[in-house]
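For reference, the structure discussed in these notes is given below.
Chain nomenclature is as follows: A, B, C, D, E and F, assigned in order of appearance, with residue numbering initiated at 1 for each chain independently.
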Amino acid sequence: MTSDFLRADGRALDQMRSVRITRGFTSNPAGSVLVEFGNTRVMCTASVEFGVPRFKKNSGEGWLTAEYAMLPSSTHDRMPRESMRGKVKGRTHEISRLVGRALRAAVDLSQLGENTINIDCDVLQADGGTRTASITGAYVALADAIAVLQAEGVVPGQPLLPPVAAVSVGLIDGRVCLDLPYEEDSRAEVDLNVVMTESGRFVEIQGTGEQGDFGREELNQMLDSAEKGCRELVAAQKAALEA
Amino acid sequence: MTSDFLRADGRALDQMRSVRITRGFTSNPAGSVLVEFGNTRVMCTASVEFGVPRFKKNSGEGWLTAEYAMLPSSTHDRMPRESMRGKVKGRTHEISRLVGRALRAAVDLSQLGENTINIDCDVLQADGGTRTASITGAYVALADAIAVLQAEGVVPGQPLLPPVAAVSVGLIDGRVCLDLPYEEDSRAEVDLNVVMTESGRFVEIQGTGEQGDFGREELNQMLDSAEKGCRELVAAQKAALEA
Amino acid sequence: MTSDFLRADGRALDQMRSVRITRGFTSNPAGSVLVEFGNTRVMCTASVEFGVPRFKKNSGEGWLTAEYAMLPSSTHDRMPRESMRGKVKGRTHEISRLVGRALRAAVDLSQLGENTINIDCDVLQADGGTRTASITGAYVALADAIAVLQAEGVVPGQPLLPPVAAVSVGLIDGRVCLDLPYEEDSRAEVDLNVVMTESGRFVEIQGTGEQGDFGREELNQMLDSAEKGCRELVAAQKAALEA
Amino acid sequence: MTSDFLRADGRALDQMRSVRITRGFTSNPAGSVLVEFGNTRVMCTASVEFGVPRFKKNSGEGWLTAEYAMLPSSTHDRMPRESMRGKVKGRTHEISRLVGRALRAAVDLSQLGENTINIDCDVLQADGGTRTASITGAYVALADAIAVLQAEGVVPGQPLLPPVAAVSVGLIDGRVCLDLPYEEDSRAEVDLNVVMTESGRFVEIQGTGEQGDFGREELNQMLDSAEKGCRELVAAQKAALEA
Amino acid sequence: MTSDFLRADGRALDQMRSVRITRGFTSNPAGSVLVEFGNTRVMCTASVEFGVPRFKKNSGEGWLTAEYAMLPSSTHDRMPRESMRGKVKGRTHEISRLVGRALRAAVDLSQLGENTINIDCDVLQADGGTRTASITGAYVALADAIAVLQAEGVVPGQPLLPPVAAVSVGLIDGRVCLDLPYEEDSRAEVDLNVVMTESGRFVEIQGTGEQGDFGREELNQMLDSAEKGCRELVAAQKAALEA
Amino acid sequence: MTSDFLRADGRALDQMRSVRITRGFTSNPAGSVLVEFGNTRVMCTASVEFGVPRFKKNSGEGWLTAEYAMLPSSTHDRMPRESMRGKVKGRTHEISRLVGRALRAAVDLSQLGENTINIDCDVLQADGGTRTASITGAYVALADAIAVLQAEGVVPGQPLLPPVAAVSVGLIDGRVCLDLPYEEDSRAEVDLNVVMTESGRFVEIQGTGEQGDFGREELNQMLDSAEKGCRELVAAQKAALEA
């Protein structure tokens, strides 16, 4: 797909922002990754806890849970800190749940033993696509954490499944744009987030007509673009893990 | 689509449960509807408040917001009451936000004046599809509330847009099933919720591979089935509003 | 007692509003009742949980607890949802505790085994007397739940005691009025809630001089009227349970 | 009423514990009273705030509100501090509301100007009857606070009404006992709290069959005893205010 | 140190306010003390609980924890009640932690058995120095509570260590003033709180340049004055315990 | 001061860990700094908000407030997220308040206009000294934010005061050690945090005998060491600001 339509950052319509995945970003968690999609920067960590939540007790299986949050200073205008407000916003809850579901698709819980993996995605700098960057980076942190578990002999099996990555696509002035920065996201007619496996199958799709509805045709074009993006992200994940 | 596969309730794969929409279910809110998808029963109301939230002040536009909740006794095993726990669960937040977005697609805020419509969807009995029933019923409550506003001369314009309805589709043992009750929902490989306009365009799609991923082909079959369901739901909405 | 004083709804001073008790209103809880006192409608359910709270552990006895709440759209002007405010109002707490005490007078905890019955009273539509309707309806839900427990052989003894019912009485312009709707309640000088057993003995009386005090004489007249109301309510409870 | 029945503290059945009312207990609030009913000790204060809550704005009237709380170390076994638990117990809410209603019966809000009086009743030592001691002591603090307001010329009229006092009565082994300490309260069959004006009229009665129900005859005997108690309490209030 | 500088209450610069320590102030806790530093009055109690928090389980040692709070009416202008706001202020947290650390320096946890001592410091009247009065009074309550434990044979060893006391010092118009009342505290350039053992060693020092910084020389002068104050406070503690 | 005592990381007793201050770490806040004291890494930002809190309204002055928090994955064992627990820990509150006081000593509020500066210190990786690193880094972020305000012509005067820096000192096995990493901090007998101005005067000192008390002599040695550390930190701050 080519385009004479100019995006503010000069990208082609179906071009990802520059993606960087830095492993070992911090040293305390078993896996710690800084993921960057352009100016969006998220610290993704995977920590291991012995034992599982009550509903998994004595199942012989492990569990994975995730929490997403934005630092108060990550956004253009500072956001009030959720811990000080005493409650978590609906958007935060919603994304935390999405990240958890996405990453559970990348781990075989039956191979994990009764251990819990806590994924934390803390947004240091927000410029659109924080949830998709979170998922993409968290997979790499998860892989590192599982490798630690295996090296320590704690995990009996092979819990890591092939990569899962995520990207956003939007419809702006009727054109399908891949990987939206904040400026595009805020004026997109439609916003679609896609979580995909390495083999190109969907783990989750969430499409919202923020300022307009969309038809099957447009959906298909957006899914094509998302597939291209996810393919590139999986390549970046694999490159990072092989580095 | 026909099928020799038997669902527990004897329905065809692409057959909705019996849908009932009862207007005027209670008398205090401007719009009050009991919506039933089989055994799922949700009380949907639309209440009008003068004024708008701060971020809409002096915009000349109105606002619509929604809250979804399950009564503690609505589920098979009683759930703790969220007000007593002191916090709202992530799932509740997530669905409240979905209902709000979906219903905002059915109202022209610029025609509403600086008034706020509060949608409340309280689940009396849960048997799967509570969020899709909520959206479908809330549209009818919204229509009634706007009619009240217009009759009172409060609303200057024509804020009501054509119907928006929602349905769930799932993949169970590889087959596409429409409008899942709890028993099916809990064992579906994939769960897709679709919010659609009367003209068959998407307002929101949320598909999750709860226990497996899915391909483009399966997505398309699920969307076909959802479209059939939504078409029938819109017919039910219009019938209810004309009654 | 006869009267030429006209109430807005044409009732005699000592006449109850029309009372309806619908069993099996929803199907998940062991007991589920819709109770109506005129326009006041409350969904009362009784759910059974195995085990008892800590202070009853190893007592050989069961426990009964109750929660009362108003749906946000149940009142004339929509009320903020308590779960979203993050705290329960004093009035809600107060009524929940009253309902719990009243219903514990209708169950022999020593015959219940170490099981807990959760009573939920959710007001769908409020027009005065929601707490007394809640108590009256909850007894019927309790009876149904205990019958289920007995049918399942879970409960060793005969925990159900004779009916307990409740009614409000008020002093309006110096006249004793039975079963106040909201319009009367809001301008009553004195408001008295009475919980009574089938044999006419008090379980609880709460009388408040909202806008004036009251003497022994007036108290006695109000109690006479309440007794008449409760007698009729017990008859309605028994009729519902025999239906 | 005389009695050969011996209470643990040697009192006659209709005899109050020793009552002490100390004005000026602390110096910051406009009114500050330590009230003692035997070993029960409550610090009751009345503080004045300019302005009224929103629902009273521009009414030309004042408002009175009350908060009751137990210090964590006031009870035999230390209670968790409500501020640390992050929520207020139902019992606390219930008593705060009772104290507020009772004291509002002792003030003519229309004479108060748009000022708010905050009553705080903090239990230093609990031995039964904390809510009735709170009401009785708070009246004296209220009187002192209103005198301050009048001395300062802030209050235009005569807002203070004649005394309101409160006492508990119980049925223990079938006998009516006045002013129950904790040991009696915890084993009483029936517990009745009565708030009464100087002229012997009821402001509030709350009777609960904690472990049994009660008939009209018993109620009347309990009310007789409460009336005697309240008469003595009003005398103590007046003596304190004249001291 | 002498001075011709006049403090509002006529004290010399290095003179404590009048200190009173009243043991047995209330009767339910094992130790209960009213401590007064001039007009500042704090009720300090020590309650004993069997068992220890999780992080001390099976350590063979005990634990001590402390909570500090101000009654809403303790200050010149009434403060909102923290339990009603649903959260504890930072200042409250900070002082509670200080009191806990200070008192743990006065108890040998290894001699306490697996018991927990809860210190509660509730400010009845605030006039500066509430945290230092709290620590000073709490030591006496702690001593009484430990004596009770020993009398009951619950505590195997000698857990009580020599006294710990605390005092504030400030720099006002460049002069070192001991034991600041509120009026001085609010205009001090520097505020220093010192917790000291009987032998004159520091347990904690917290110095803050509220409205200006300070040098080593001034620090040393303030520490000299604090040492004098603490010596007098320890004498008062010992006198109280011997009374 | 020289020493043959070996610290785990080979430092001399009075030697700081390697300190790095990176300006412009993120781009949304007016000032954004990554500060590193060895393995401790804190992101410090300064964001500007128009207007001031209520207690500063119409004072003509500005305000500065600070929030400190640890990311859940910043510690060796993952900590629960405070926003999810619904309340902020006492330690967090305490450090936030300390950072705020320290930074207010570096700004002339009367020169700021009625603007508020929000300091956020979010710990990415914790290895002791997070509060002192926070203060040291936050000064640089503050300087950058004020420069932005001045460049935009928003701030009338010269609000920035000379640098404020902070360091910890501890007593370990009786020896004074500067700038403690976690391993040393957890076994130090005494822990002293010092906030100092460029001119070597104290803004705040907090010394705690965590596992033992300390005398004047030891305090003086610790203050000497802290002074050396702060001098070096101020040099690092100035070097960063000149870079």
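Throughout what follows, contacts are C-beta pairs under 8 Å (C-beta built on N, C-alpha and C of every residue); 3 or more make two chains touch, one makes a residue touch a chain.
In UniProt terms the chains read A, B, C, D, E, F = Ribonuclease PH.
Computed from a predicted structure; not experimentally measured.
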item: Chain F reached from chain C - shortest hop count over touching chains; value: 3
item: Set of chains adjacent to chain E and to chain F; value: none
item: Of all other chains, the one whose Cα centre sits farthest from chain F; value: C
item: Length of the line joining the C-alpha centres of chain D and chain E, rounded to whole Å; value: 33
item: Chain A and chain E, separation of their C-alpha mean positions in angstrom; value: 51
item: Separation of mean Cα positions, chain D and chain C [Å, integer]; value: 27
item: Contacts with two or more other chains, residues of chain E listed in rising order; value: 86-88
item: Touch-based graph of the chains, sorted into line, ring, star, complete or other; value: ring
item: Successive chains around the closed ring, taking chain A as origin and chain F next; value: A, F, E, D, C, B
item: Interfacial residue positions of chain D with respect to chain E in the complex; value: 26-29, 32, 39, 41, 43, 45, 47, 49, 67, 69, 71-76, 78, 81-84, 86-88, 92, 118, 120, 122, 124-126
item: Parts of chain D lying in touch with chain C, wherever the complex brings them together; value: 87-91, 93-94, 96-97, 101, 105, 197, 200-210, 213-216, 219, 223
